[in-house]
Amino acid sequence: MNGAEKLQRTDGRRRDEIRPVNVVRPFIKYADGSVLMEMGDTKVICTASIEEKVPPFLRDKGKGWVTAEYAMLPRATHERTQREASRGKQGGRTLEIQRLVGRALRAVTDMSAMGERTIWIDCDVIQADGGTRTASITGAFIALADAFAKLIDQQKLKKIPLTDYLAAVSVGKVGGESMVDLCYEEDSMAEVDMNLVMTGQGRLVEVQGTAERGTFGKHELDDFMALGWDGIQRLVKMQKELVTV
Amino acid sequence: MNGAEKLQRTDGRRRDEIRPVNVVRPFIKYADGSVLMEMGDTKVICTASIEEKVPPFLRDKGKGWVTAEYAMLPRATHERTQREASRGKQGGRTLEIQRLVGRALRAVTDMSAMGERTIWIDCDVIQADGGTRTASITGAFIALADAFAKLIDQQKLKKIPLTDYLAAVSVGKVGGESMVDLCYEEDSMAEVDMNLVMTGQGRLVEVQGTAERGTFGKHELDDFMALGWDGIQRLVKMQKELVTV
Amino acid sequence: MNGAEKLQRTDGRRRDEIRPVNVVRPFIKYADGSVLMEMGDTKVICTASIEEKVPPFLRDKGKGWVTAEYAMLPRATHERTQREASRGKQGGRTLEIQRLVGRALRAVTDMSAMGERTIWIDCDVIQADGGTRTASITGAFIALADAFAKLIDQQKLKKIPLTDYLAAVSVGKVGGESMVDLCYEEDSMAEVDMNLVMTGQGRLVEVQGTAERGTFGKHELDDFMALGWDGIQRLVKMQKELVTV
Amino acid sequence: MNGAEKLQRTDGRRRDEIRPVNVVRPFIKYADGSVLMEMGDTKVICTASIEEKVPPFLRDKGKGWVTAEYAMLPRATHERTQREASRGKQGGRTLEIQRLVGRALRAVTDMSAMGERTIWIDCDVIQADGGTRTASITGAFIALADAFAKLIDQQKLKKIPLTDYLAAVSVGKVGGESMVDLCYEEDSMAEVDMNLVMTGQGRLVEVQGTAERGTFGKHELDDFMALGWDGIQRLVKMQKELVTV
Amino acid sequence: MNGAEKLQRTDGRRRDEIRPVNVVRPFIKYADGSVLMEMGDTKVICTASIEEKVPPFLRDKGKGWVTAEYAMLPRATHERTQREASRGKQGGRTLEIQRLVGRALRAVTDMSAMGERTIWIDCDVIQADGGTRTASITGAFIALADAFAKLIDQQKLKKIPLTDYLAAVSVGKVGGESMVDLCYEEDSMAEVDMNLVMTGQGRLVEVQGTAERGTFGKHELDDFMALGWDGIQRLVKMQKELVTV
Amino acid sequence: MNGAEKLQRTDGRRRDEIRPVNVVRPFIKYADGSVLMEMGDTKVICTASIEEKVPPFLRDKGKGWVTAEYAMLPRATHERTQREASRGKQGGRTLEIQRLVGRALRAVTDMSAMGERTIWIDCDVIQADGGTRTASITGAFIALADAFAKLIDQQKLKKIPLTDYLAAVSVGKVGGESMVDLCYEEDSMAEVDMNLVMTGQGRLVEVQGTAERGTFGKHELDDFMALGWDGIQRLVKMQKELVTV
């Protein structure tokens, strides 16, 4: 990661430095788990809701389910975006992100040990400065753990059915340089944009890398992995201070 | 308003007492005006967005437009509510409320003096403990005033095109007693539920009263008006400390 | 109500005079209750349909339900309006009106005494000259009473589960004058538009007043109430000649 | 057509006898042409609306367009049918019928002689006792002719751009017998159901025959044609008393 | 059918000559019956899928159901057509065709003898050169027979519950001449377009004739019937070589 | 890649062996480029359609656009899947895939050199045995190149505006072993599933790896990259025999 110290990023960060993280918890009094997850100016409300039934395809199998929904408030962005409810459908980007969030959380959940119930995760971005899907995953993990803790308090579960911590961060190539946790300005001029989801033990859960401008090679991929590993470890450290798995 | 002092409400308030009000402002860095409007445990993000064009029916008439959208996060409520974007349409309650908010704001806006532009108001309820539509109106007014102030700063307007302050409060009959600013628990057992929107000078803009259980008479209506007038004056007082019209 | 005699309205009526009322009944041979409700040139087909089941939220509670739908034929209006079925959704105005009609009828229905069944009310405006929602309520009440009478004939009910008569009328301020039962021409230039729903005993069920141009004070509200009370009493008198509650 | 005299139909008609026809005209005061078309207990409101523009594919070609929409009120039928606007889409049967009505009317309209405008035809069935699509066509022709007559009155057209009269009737095989103008009871037990649209001169415009129960041969087709020809001539005779083409 | 030999059609065929027919079978390895049906350059994939349940209206009646869906790939046509899935609804033409295909197949199916199951027919046009709905019916019949044969192989049925063969062809009038099996070029300039569905024994199942340009008389109808009968017999001959009913 | 020789896959392939590839070209006579792309039993029709205009956001910028749509026929799969057009919306998986296909193709297209036009890519899966998205990309590249060649033939372009070849393959971990080009059976039991898109020069364009069962480490990622690089080079070799870039 040589050179990381020299590059001056738009907000003065080093190449390998994630933005300040802040977690407000609990944040919504009715939810079974809830956080306001802030990474720099990106702010996401993540809630977990327990429903005592499972989707039809899982009925009577002794298993549970974790699913996620994602949305942005219309003015979370620089320009106002049309509300999906008034357009009458969720866009492709929304569906892609919420499928990712749900899949990632299920990768560390022992669905056989959570009972026949569904945990609904809602990630609502109230301010978007890049990295909303990774902040959603990192925050949603905490809300999910809190919902499980509530089930233990209610004596509906004996132990938290999570196999590891889970966090996510973006990496990318901007102006020829690899860097971690891109803000919106960096993201909008990135040559490569990659989202990494890893467990507390540093195992990969999701890798999603895209080059719309140009392409990238194996060495760059290795560099992204190293930067991402490091950033995610810091997020997991923060999670460990808040919840125990 | 005799008897207001004696009645003990679920949260200990007097019959004529509104809940604690808190305004965080600005709240979303990209919006042209934004507040987090809190009335007790009801919390609404209100943003104003300037768009430099008008809807087709107003084109080339030298007038502007103010319109509003309203939504609740899925877990703003006791039980999780299905997301309207995933259901594919906005419900009747949502459409009714956002039509009300837009209409109320237009009643104190001089559309001929705001230029050929639209102000979009977004009211997103993040926690719902009753009175979300009235909190939306009271908070949206501040966001709207801030958006107009921004246009003055940008020298696009000379004076704020608002003719008066505007605030709203609910009143109702619960257990046979009239009271102001119902929380969710009161609202869910009310015999009559009424929403009042008034200007700073105490003129009526909207009156919407409904009796689903039983009916009400003219004397009760008079009582509601007096309670509402009083509550709204306190909200306008708060608005006057924040914005100048 | 001084001055009511002097004002000359567009169709020559006095300020406190409702339009000629005509009810054709039954109007649709298959319906369980049906009227063609005419108030001046406003014509609405109101039907009641009995369904021997209730919505999910009421199942096995020993209660019934009354719900309403509203629509306008495309050419009920001066200009042809696009059909909601071809647009793929009902508009906000439609949803608002049908919620109002259903709520108003439920206010005088003893849902515990009507059995576990639903009465569907359909109000289809075939010609719209102002006051379509109030004509819908007044006409729907008759269709509803007829459907209950049919259930008595079929020995499924012992007495009509209605607690009172129910009718509605519009009031408003036009050119600075208060008046009752606005026709389209008056409605389109009104400063204030209010819809009142009352029982046969003159108790209020719904009050919905809106000022898009300007505002209104408490004295005007009182005036609207008096005009509305009078108009509704005439409609209830007509209802009493047709149905017994 | 031997045997037509002997068969006793459910309503006492002969095999070759159409139901009593009644036309109320004009029926809706705002429309440019309107009729209430009654064939027995089938009642359809047909309106014509002039719009001074054409669909995109016809722009600047010096031609006009005639298009139709069809719907049934929810309680036009024995059992209440769900409203298409609330289901969010028009069903296949509706689309099929409105495409048929529009196509049939265009077959007798000289689109080059009607100016660059669209005539919208709306057929709304208020009571359905079989044959609603054929009653729609027969009634819509009159409304269309009236709209053209209005354009002549307004000196926007010099002559009515219709090349012939146009009417429609159903024929079918019920209990092994061919018959004309089936009522709902006959239609619901028919082996073959056919709709015929013909001009005043007896030329065919549409033939739509369907056998869901069993099949039919060429001789039966010939029989249907003869019955249909006869029934349509009676409808055209009625049209000639009302409008001149 | 005199004169059929003289007319030179755009592709050199005689008036009474259908296009070369080719059937690839089976075509999709997962389907319970599948063909690629080619008539000239028109190519349709027809599949049959067995589902071991029936629609709600048939439940517990000891009967089965056959239903069909139809679609065209976006570039099956000269110009690319917008995908119905991205438009959010199936068009009127699509619904009309799939209703026709399902109805036609049911006319030769003994629904009482097929067990309480549904056969889903999917007709997907991959290249459209006229006559896609008739090719769909002719091909779908083979796929349906194959699905029934599979049920016999699985010992779920004892005999094929089809009462006859079934095929379809278009006929029409082009440039004043009657002809069979119109290709796209002929279809787009036809005065009359008619689709005929008949059984192996030459009985009619569906007749759908339309004149958008001009009209047609009884003699022409007779001519269409003769041409269609002949064309369909050739298609049935081909079917008899492939499947036994 | 040690061990690749020993593992016996369900269809007898080696770990590093892609399935037999077959390309039928052209496949649809109307399209501007079209292939039937077969990888084993996975079969996709890929067409390219030239439209001489660009989406609104690109208007008057001298640039072109490449966009893609993806769908599966209902019976492309083991069990019949409901048609998206009849459900009324495209699912999340569909939207995700078509966004991927479009993005990947744009990565090797010089949008500044293709003129102000859009190339629409349609990928319609007619038989799905795993790897439909990667087969879509590999096949769509050929259709795209053919559409550009057609523009050169029409003298609308001087050279093919593609900067490199482009192909895609899936890799994954099944039963603890890494392997390339998973068939459906392998895919449905994979611990890790990854899709790789690379250029002819072996540069990465997209990396999308997912672990729903368990997780994966950096060494496994390196292994996937090597297997994918190799598989894609074979596909590019095939492309080079067909089209020149």
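We call the chains A, B, C, D, E and F, going by the order they appear; numbering starts again at 1 in every chain.
As a convention for this text, a residue touches a chain if its C-beta (ideal position, glycine included) is under 8 Å from a C-beta of that chain, and two chains touch if they have at least 3 such contacts.
All figures in this text were calculated on a predicted structure; none of them were measured in a lab.
K.L.:
How short can a path of touching chains from subunit A to subunit E be, counted in steps?
P.N.:
The least step count works out to 2.
K.L.:
Looking at the contacts, which chains touch subunit C and subunit F alike?
P.N.:
For subunit C paired with subunit F, there are no chains in contact with each.
K.L.:
How would you label the subunit A and subunit F contact, same or different, if same means the shared numbers make up over half of all numbers there?
P.N.:
Both copies, subunit A as well as subunit F, present the same residues to each other, with over half of the numbers appearing on both sides.
K.L.:
So the centre of each chain is just the mean of its C-alpha atoms; given that, what is the distance between subunit E and subunit F in Å?
P.N.:
33
K.L.:
Subunit B to subunit F: how many Å between their CA centres?
P.N.:
Taking the average C-alpha coordinate of subunit B and of subunit F, the gap between them is 51 Å.
K.L.:
I'd like to verify one number: the distance from the centre of subunit B to the centre of subunit E, where each centre is the average of its C-alpha atoms, in whole angstrom.
P.N.:
About 60 Å, centre to centre.
K.L.:
By the touch rule stated above, which residues of subunit F touch at least two different other chains?
P.N.:
Within subunit F, residues 88-89 contact more than one other chain.
K.L.:
Can you name the chains in ring order, beginning at subunit D and moving first to subunit E?
P.N.:
In ring order, starting at subunit D and going to subunit E first, we get D, E, F, A, B, C.
K.L.:
Flag every residue of subunit B that touches subunit A in the complex, lowest number first.
P.N.:
Spelled out, the residues of subunit B in touch with subunit A are 28-31, 34, 41, 45, 47, 49, 51, 69, 71, 73-78, 80, 83-90, 94, 120, 122, 124, 126-127.
K.L.:
Please name which positions on subunit C make contact with subunit B in the complex.
P.N.:
Against subunit B, subunit C makes touches at 89, 91-93, 95-96, 98-99, 103, 106-107, 164, 194, 199, 202-212, 214-218, 220-221, 225.
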